[in-house]
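The same subunit A turns up in both complexes below, where it pairs with subunit B and then with subunit C.
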Partner chain A sequence: MKTREFWYLMAPSLLVMGGLLAFPLFRTVQWSLEEVAYGTGGSFIGFDNYAAALTDARFGRAVVFTISTTLIVTAILLVLGYLIAVGLNRLGKTRPLVLGILLVSYVLPSLVAAVAFSWLFNDNFGGVVNRLIEFFGGEQVLWFTDPFWNQVLIIANEVWTLQPFAMLIILAGLQGVPEEIKEAARIDGANGFQTHLHIIIPTIRGVMGFVTLIAIMDVLRVFDSLVALSPQASVIGNESIQLYVYSVAFANGAQNLGLGSAINVLTILIILVMLIPFIRGIFKEAKAAR
Partner chain B sequence: MPFTQKRLITVVAGAAAVAVALTGCGAGTRTTNENSTEVACDYTQPESATTVNVLAYNSSAIDPFTDTMVESCSTGNVTLVHDPIDFGGQVTKTTATLSGDSGTYDILENYGFAIPGQASEDKLVPLNDLFDKYSEKYALDELSESMLSALTYDGQLYALPMQGQMFILAYREDVFDELGLEVPTTFGEMMSAAQAIRDAGTMEYPIALPWLATSDVSTSFQAMMNSLGSDFVDTDGNVTLDTDEARTALGIMTELKQYMDPQVLTFDQPAVQQQMFNGTAAMSIMFSGRMSDLTLEANSEYFDDIAFAAPPKATAEAEYAYNRVSIDGWSIPFNTELDHDMLFEMMASSVGEEASAASVPAAYPARAGMVTDENSPYGTAANESIVSVMPAIVSPILADVSVATTDTLANILLGNISIEDGLAQMQTQGEGVR
Partner chain C sequence: MSLTTAELRSTTTTAGPVVSARRKRTRPPLVTGILLGALCLLFMSPFIWMLLSVTKPTDIAFKNPPVLGGYTPTFQAFVDLWETTYFASYLTNTVVVAIVSTIIALVIGVPAAYALSRFPSYVSAILLVLALVFRSLPRFAVVLPMYDISRALGIYDTTFAMAIALVAINQPFTIWLLRNFFAEIPRELDEAAMIDGCTRIGILRRVMIPLMTPGIATAGIFVFLFAFQEYLTAVVLTDSSSKTVPVFIATQLGQTLPMLQQAGAAAMLLTLPVVAIAFVAQKYLVAGLSDGSVKG
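And then the complex of A and B:
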């Protein structure tokens, strides 16, 4: 391919990337250093927005909540996703049917899914889970106001909605594991658990890394589901970073676009820090493949 | 042509026809309401095709007016468009559309609490001249004086009132009759009634109030302060959140909590309605726009057992009732490019006598004397409620003070901060507004 042809073909992609990624990123960084309201030109205020965010205890609580939720959900997704994928991989003709059922929660809009999920725990709307707890003699659980149980509820919802994705990708990975190496492990005397731990999981390491990467990015951006699952998130400290941005920058007629941008830049940095191990891994693999 | 290809073309053509039809249906409102009607909307037609974008949140009290306007005024070259949206979304969109030199909307549903702030920043078109010009044609002199004044700032009308909402007490008449209880006129009596209901084993949490930690709880605190003759700011704009009235109001709210669901700070008005539908609460106080739903058989088996009264006072000595009156009206944003006369006539036609009459009982129209005991199950309660409210304090910073202090208020009610410390914090937060 000639250089000119290459650039002709690449130009549309570069334009789209520039318009949808680079330019908004540039404006976000620019606004983070300004005081900006809707429809007005910003005025430069240096690092005041960053100082405001970093000295707000609410932002600190949002960071702790978001990161702890992300780590727990990601760990559960990997373990549960792997177990379900292994089970599904063993199914025969019923696999498409079971797979279809398991995918339902993934295709629902996240707010709709969260509202439906919250009703399982809400006495006003039946509260099936509460009825079960009551039936087995348990105490009333304050799912929406107790910070611990509310985080459990949020984690459960995230796992419920993201599990199909993790399971699907891991299933694809499992189907790519050569039968020969599993057979070799059996001949060498490895039991089922050892085969999974030492043979299959290392073989699909790349797939597991991909699932981890996507899960971290997805959970770090959790926002709309909290509207239904944690109506008083800011008060009990179960506010995600994105919900915090919305609350201080946009909600109730607020117009702190500069502050919101500063928090977004900080969020990007947090995401990058959390993804460094995986990004390094990808670079290493790419280098080795050359 | 092979059969499958023919069939494919037929399917594609059919889908295209349906899409075109649906696009056509998309013009106009996407909600329908049995309390809306067709009225004459007789404005001067523009020469070219024109779209009028209407921003109004969806509720049983607002929809009748929105639907009447959109359906009746979409004529000739003009199409009115209204998409469903909730109240929170409307607040955000209103801020956004009023921010630039060009906006997205041409007619805004607005309310008294927000108007002083928007008017003081010249975000709305003053309506006095248009009101005078079209007063006779649309019988605007029959609109309630108090509702007109609630939408007036610095001598200028900034919204044409459609309807008002006031607090109303809804209670289970069957439970009260069975236990020989009187309808409460103070919160002390309300808590005594709640205790009696609890003692009888009828309900664990007989009182239901919308105290959502991010919004409604602030309105409730303000209503309690209003009952005691005070507000978040005084008439000079000074923040008054460290006063005895604020202290007393918070004391009553804290005491009320013991008769309410432990998760009450997550309940907005629909959640409180649901408690009444389910029969898990015997008393609730909400805006009148929520009352019509309580009387519908489709919503609850208790629809016939729910009665209505004016809201109680904070204390027996209080001058006013625990109450807020929210007046809703139509505004013209300063940045619309459309003809103001045309927009005003659309707004005026939707608040005409015919449209207002059709909106009852879902709404309490701005035309005086339209709601009675005969045409509304809560008509008497609404009429008694509206005369028991403290006159509104008009201040451009009131809404911002409310937003700035809401989290602290919620923390006080959750017991995370003492009343004294909390009030001091709220005073500082309020004074920090602009």
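And then the complex of A and C:
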């Protein structure tokens, strides 16, 4: 392909991404250094917004909440995703049906999914889960006001909606594992558990790494679902980073754009660090293709 | 963790193995079957409970402990939703935004993805890296400035602004996914068409697009689903005249009990088409997911 043709075909897409992603992103970086409200020029204040963000206890709590949620959800997704994928891999004709059912929670609008999920725990709607807990002799749980149990609820919801993704990617990985190495392991006398631990999991570590990265990035930006799952988020301290940005920079007429933008920039820096291995991979591939 | 996209593609390849599972297999062990059946039920339970809750008469829908039977199901919440709110216009907005943004995203994404798959160079690599970075940005980092810009341009609260914002937000995903599909088509085809006197645009239109139909369908379904369910962008970029269903549902949540039931009814109406798409287009969704692409 000629260079001219390349730019010709790329142009519309670049125009859209330049104007609607790159430029707004530049604005965010600019705003993070300013004292600014919507529609105004703003005045340069250096790194004051960053200092304000880093010393704000509420932001600190949001960071701890978001990161702990992310780590727990990711760990569960990997373990459960692997187990379900191994099970699904043994299915024959019924697999498309099972896959279809399991995909539902993933394709549901995340806000709708969270609303539906919260109703199982909401005493307004019969509190099904609390009734079950009672039935087994447990005590009522305050799912929406107790910070610990609310976080459990949020984690459960994230696992529910992201599990199909993790499971599908791992399933695809499992099917790429050559039969020969599994057979070789069997001949060498490995039992099922050893085969999984020492043969299959190391073979699909690339896939597991990919699932980990996507899971981390998806949970780091959790926002929609909290609207339904944690109506008291800021009061009980279960605010995610994105929800915090929303409330300081947008909700209820709050226009602390500088602070919100500074937090966005900090989040971007964290994400960039996590992307480094992927970025290196892409460049390696580009080098090889030349 | 070291992982290149090439490695990823070689291990996850296409949906082929996942979907075309008609291979002869031994019957799954009973335990696996039971566990997976229970899992399916567990995964569907929020959905089932919501369906039950919105089809109960209002006076028993909120009873605690729940009333499980002995009532006549009613669609009153749906009727009320239709008659007492502007749901029809929210639904229209949502559908229009989803369709318009899907079409535009594909029209500009397909040529770009094709170019990226056929021009091996550092330029392509840099553009792909940029797309990856854009895809992983915190959404507010671009949506808050979009709010400011759309107000300045006077297009705030229009379906056009919302649709074009979603085209941009999903563009990195669209071109990555399509590029991976294009990369599977051998370049010899391009060369053969060129010898026959085709121009690049001609190749794209006559050779690639027909071959790429499954890939384009996959990308289209994903972009449509993303747009159909988008809440964050909609809550920032729309107000009254172009409000979408997810925003409407969110505003209903803190209200009275009958309104909660209406929110549930709206959620069901938003969900059913999505579930239908998920079942019908399962093959494409699986292909998109296992091709190393991800939810926007």
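Descriptive notes on the structure:
Everything that follows uses one rule, which is that the second predicted complex is superposed on the first by the 249 of 290 C-alpha atoms of A that agree within 3 Å, B and C clash if a C-alpha of one lies under 4 Å from a C-alpha of the other, contacts with A are read in each partner's own complex, and residues count from 1 in each chain.
Here is the rule we use: a contact is a pair of C-beta atoms (placed from the backbone, for glycine too) under 8 Å apart; a residue touches a chain by one contact, two chains touch by 3 or more.
Keep in mind it's a predicted model, so treat the numbers as computed, not measured.
Greater residue coverage of subunit A by touch, when subunit B is weighed against subunit C, goes to C. By the document's definition of touching, neither partner reaches A:Thr55: not subunit B, not subunit C. Once the two complexes are overlaid on the shared chain, A:Leu91 sits against subunit C while remaining clear of subunit B.
Using the contact criterion defined above for the overlaid structures, shared-chain residue A:Val235 touches subunit B, although it does not reach subunit C.
In the superposition on chain A, A:Phe144 contacts subunit B only, with no contact to subunit C.
Contacts of A:Gln255 after superposition: subunit B is touched, whereas subunit C is not reached. Residue contacts after overlaying the shared chain place A:Gly39 against subunit B and subunit C alike. By the touch criterion defined above, A:Lys284 lies against subunit C but remains apart from subunit B after alignment on the C-alpha atoms of chain A. In the superposition on chain A, contact is made by A:Asp123 with both subunit B and subunit C.
Shared contact residues on subunit A (touching subunit B in one structure, subunit C in the other): 38-39, 123-125, 231, 250.
Those residues of subunit A that touch subunit C in the shared complex are 1, 3, 5-6, 8-10, 12-14, 16-17, 19-25, 27-28, 31, 38-39, 84, 87-88, 90-93, 95-96, 98-113, 115-117, 119-120, 123-128, 131, 160, 163, 165, 168-169, 171-173, 175-176, 204-207, 209-210, 212-214, 217-218, 220-221, 223-224, 227-228, 231, 241-242, 245-246, 249-250, 257, 260-261, 264-265, 267-268, 271-272, 275, 277-286, 288-290.
Chain contact summary for the complex, subunit B toward subunit A: residues 88, 91-92, 94-96, 99-101, 114, 212-215, 261-263, 265-266, 268, 271, 274-275, 278, 280, 399, 403, 407, 410-411, 414, 416. Interface residues of subunit A, counted against subunit B in their complex, comprise 37-40, 123-125, 140, 142-145, 231-232, 234-236, 250-255.
Those residues of subunit C that touch subunit A in the shared complex are 1-8, 10-13, 15, 17-19, 21-25, 27-29, 32-33, 35-36, 39-40, 43-47, 49-50, 53, 61-67, 107-109, 111-112, 114-116, 118-125, 127-134, 136-149, 151-152, 164-165, 167-169, 171-172, 175, 200, 204, 225, 228-229, 231-232, 236, 246, 249-250, 253-254, 257, 260, 263-264, 267, 270-271, 274-275, 277-279, 282, 285-286, 289-290, 292, 294-295.
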